[in-house]
Amino acid sequence: MLGTLGRWFIDYIKGQLYALGFFFKVFKATIHFFKGKQAGKKVLTMQILFTGFETLNIIALIAMALGAVIIIQGVSLLPQFGQRELTFPILITIITRELGPMLCAFIIIARSGTAIATEIGHNVVSHEIEAYIASGIDPLTYLAVPRFIGVTVSLLLLNIYFNFFGLIGSFFITQFIEPVQASDYFRKLLSYLRPEDILSSTLKSLAFGIIISLSATYYGFKVEQSSTEVPQMVIKAVGASFVYCILVDAVITLIYYTR
Amino acid sequence: MKFHIRFAEQIVGFFILIALLMILVIIIFMGINQRWFSKDYHFTSRFLSGTGLSVGMPLKLKGFKIGSVDKIELNDDNTVEVNFHIFDTYYSKVRKNSVLELSVSPIGIGGSGLLFYPGVSKELIPDMSFIPSLDFTRGKDLVKRGMVDKPPSNDTILNIVNEIGPLLTNINDAVVSLNELLVTVNKTFNGTSTGPVGDIVDKINKLTGQFNTLLADATGKIDTILGNTSGITANLKTTSEGLTDTKGLVTKLLDPKGSISKLLNDNFELYNQITGILSGVQMTTDELKTFTGYINNSRPQISELLEGSREALQKGKDVLEALRNNPLLKGGVSEQAQQPTTFRGYREEDF
Amino acid sequence: MHTVQLEHVTFIRNNRKILNDITISFPAGKTSVIIGPSGCGKSTLLKVAAGLFPPTSGKVLIDGKNLLTMSKRQLQNFRMVSSFVFQDAALWANKSVYENLSLPLQIHNPDITRDERDRKILSILKEVGYTDSIHLRPAQLSNGERKMVSLARALVTTPHLIYLDNPLILVDPSVLAKMQKLIIAMYKSSETVIANFSSISLTKRLTDFAAVMKDGRVIFTGSMSDVLTCKEPEAVKIIEDIITRDYSNSV
């Protein structure tokens, strides 16, 4: 019993150290990524295309729907309490600071996190990783780093688009249901939007991008031989991404409110 | 090959460029809206209390926001140091002898404001200078000496209170005279006074004059008060806008030391006082009515008396003079009872 | 010419000892063939010797230099001169045939022009007998075609140290001849080839140096004639089994 516990603990520590080593190597390789000619640059472009550009329609739809709901509720419900002005702080809190980065992260976890973990896992099973090594291509530099940069950059960009569609696009949707004066809306919106809101949002999407890409690539590479390991590792990657994203979100939010 | 795969680089480039442009445009507009790129002039001032002051609070000149409070600190001598900035567009107003005033709403709720009064000088105050507040003698002296462009207070409620003061004094004077007259008349008709009826008439004339003046005065002031109604309405609008700040309103309502709480927790003292005042006014009105009726009925007799009692008038004058000098009939205003302070919250009140 | 040496190499995976204290030296400029029954660790030995799997203990020396302690540049130089043909082709599934061949070229010869690169790719594909579109993905190819492309990918960088892990297994007879021709060309050249062939006839024809393996151990080394005439009972049994299997397969 005691021996089992001890073995489990040692294995756990080894696993954590391995993960840390992996993250460190990815960060190190990222620094050198843009130096010279890199075959991985094409992979990076494709990653941004798949993770960023191809997710734009879902992000735009969700952001506009969410923003429109907040505005409609704000202009119809809040004046009953004499709190019409609160529409803007609520809109900024939900779209920019809290739900925007988190929803983008969840969509990316579901779309790209799973795809990356599956693809790398499959690469391992079909000996493609060995083929990369044999061809003198570092799998970490060629597979992990472009995905790490691609997902992080995509999440940052998608967060900007989410804010744009949520704050501005939703205004136009609202015009069909409950017209709001444009000048008044944008003036108030811009007066309530603070640089720290943008900073908090950017930090969150940056952190979420790092978490999602590292989890997906790490668990992808953890597949050893069998294809049955692939879905198991995908589930682990998704679980880890959700947990760490929520934890980091809580920490950044805490820092924002206690600063 | 699919279109978006073939032109992946161009699409990604466009995707990144548009996002960067969006964030750039938002930041630029945000900066313009929040005056990031404008030069602000920084000044300091000092107040006796920090109550009503807050960081970010607007500094206003004639209703225009000309700057805002950056920092509030309690000094070693328990005065409050305020650092604030004024927008470059209003820097020309920051002239020598300018003063600040912290205006707090007299009814305790709604917004209070930090008001700026420019000096009459043409010389501008340099950046980072000290601007005195009206909390201290220096600021008050500047106003007293007419060196500050300070218009009369536009606080409507304060104006009404100021207008009502002299009106009440006049009413009081009238009531005192009425009392004197009633005593004299009573004595005269009871036969206890040898009082000169001419003096009574004289008194009536005086009283009528007083009433006329009073009515004219009151009418004028009521007109002024009515004229202020629009101001009151505007103020009420401002107050109601102030009420939208739930935090402020709720805090004030729940504050155990607050005005509303005090009103609710004074064991009906204020209510009793108001009821007493109203009863007194009612009684006086009744007496006046009776007296007017009586005067109307007695007019022929008064004429007869006037004709027949010249001697009595002389004596009556002496008597009335004596009566006037009697301190009991002076009719001084009774001292108002002090409102006892209550420290209890309204939640402790039995309903 | 490159030499490959293994010193007391042990490789353990999932608590199973796959290679057990192997010490062997593959001669430079010769074709070395590993012979042994299925599951004895031939492929693993090749991959450890190629530096694809780091050994659990022991050393892998390439031209006398330890593969595990090589600098990045030395390792890159080793990769530039070596190539590996996988048993299951191991083509990159998300890349076309052209991209599978152009990527190693881009890595090792970044300065060659696109035309030169295209010419090289088309030339090697023709040599291996691939005639289909170069824009097809591996999933769209037959098993034999995949093997061709895999061999072409290994040869496109003109390597001097070639590892062949059963390159002709499950290959269509129509393309087998062309691929065999290429392997024979390698044998005749002065390149160092370390191979694992499933066919004993090919092994007999192309082997300069042979190593007989059993249960993760090398039990006999020598020339092919030494192997065929050896008196070591374990080695004799293994050779007999392989010859019998090869004969029945051909029938």
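Here the chain labels run A, B and C in written order, and each chain numbers its own residues starting at 1.
By definition in this document, a contact is a pair of C-beta atoms (placed from the backbone, for glycine too) under 8 Å apart; a residue touches a chain by one contact, two chains touch by 3 or more.
Since this is a predicted model, take the numbers as computed values, not measurements.
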item: Contact graph of the chains (line, ring, star, complete, other); value: line
item: Chain ID, smallest distance between chain and overall C-alpha centroids; value: A
item: Whole-Å gap separating subunit B and subunit C, where each centre is the average of the chain's CA atoms; value: 98
item: Inter-centroid spacing, subunit B versus subunit A (mean Cα positions, whole Å); value: 57
item: Distance from subunit C to subunit A - Cα centre to Cα centre, in angstrom; value: 42
item: Residues of subunit C that touch subunit A when the two form their complex; value: 13-14, 47, 50-52, 76, 79-80, 82-84, 86, 88, 90-94, 103-104, 106-108, 110, 153, 157, 163
item: List of subunit A residues in touch with subunit C within their complex; value: 37, 39, 119, 122-123, 126-128, 130-137, 224
item: Touching residues on subunit A, where the partner in the complex is subunit B; value: 45-46, 48-49, 52-54, 56, 81-85, 153, 157, 160-161, 163-164, 186-187, 190-191, 193, 195, 198
item: Touch list for subunit B against partner subunit A, complex; value: 4-5, 8-9, 11-12, 15-16, 19-20, 22-23, 26-27, 29-30, 33-34, 240, 243-244, 246
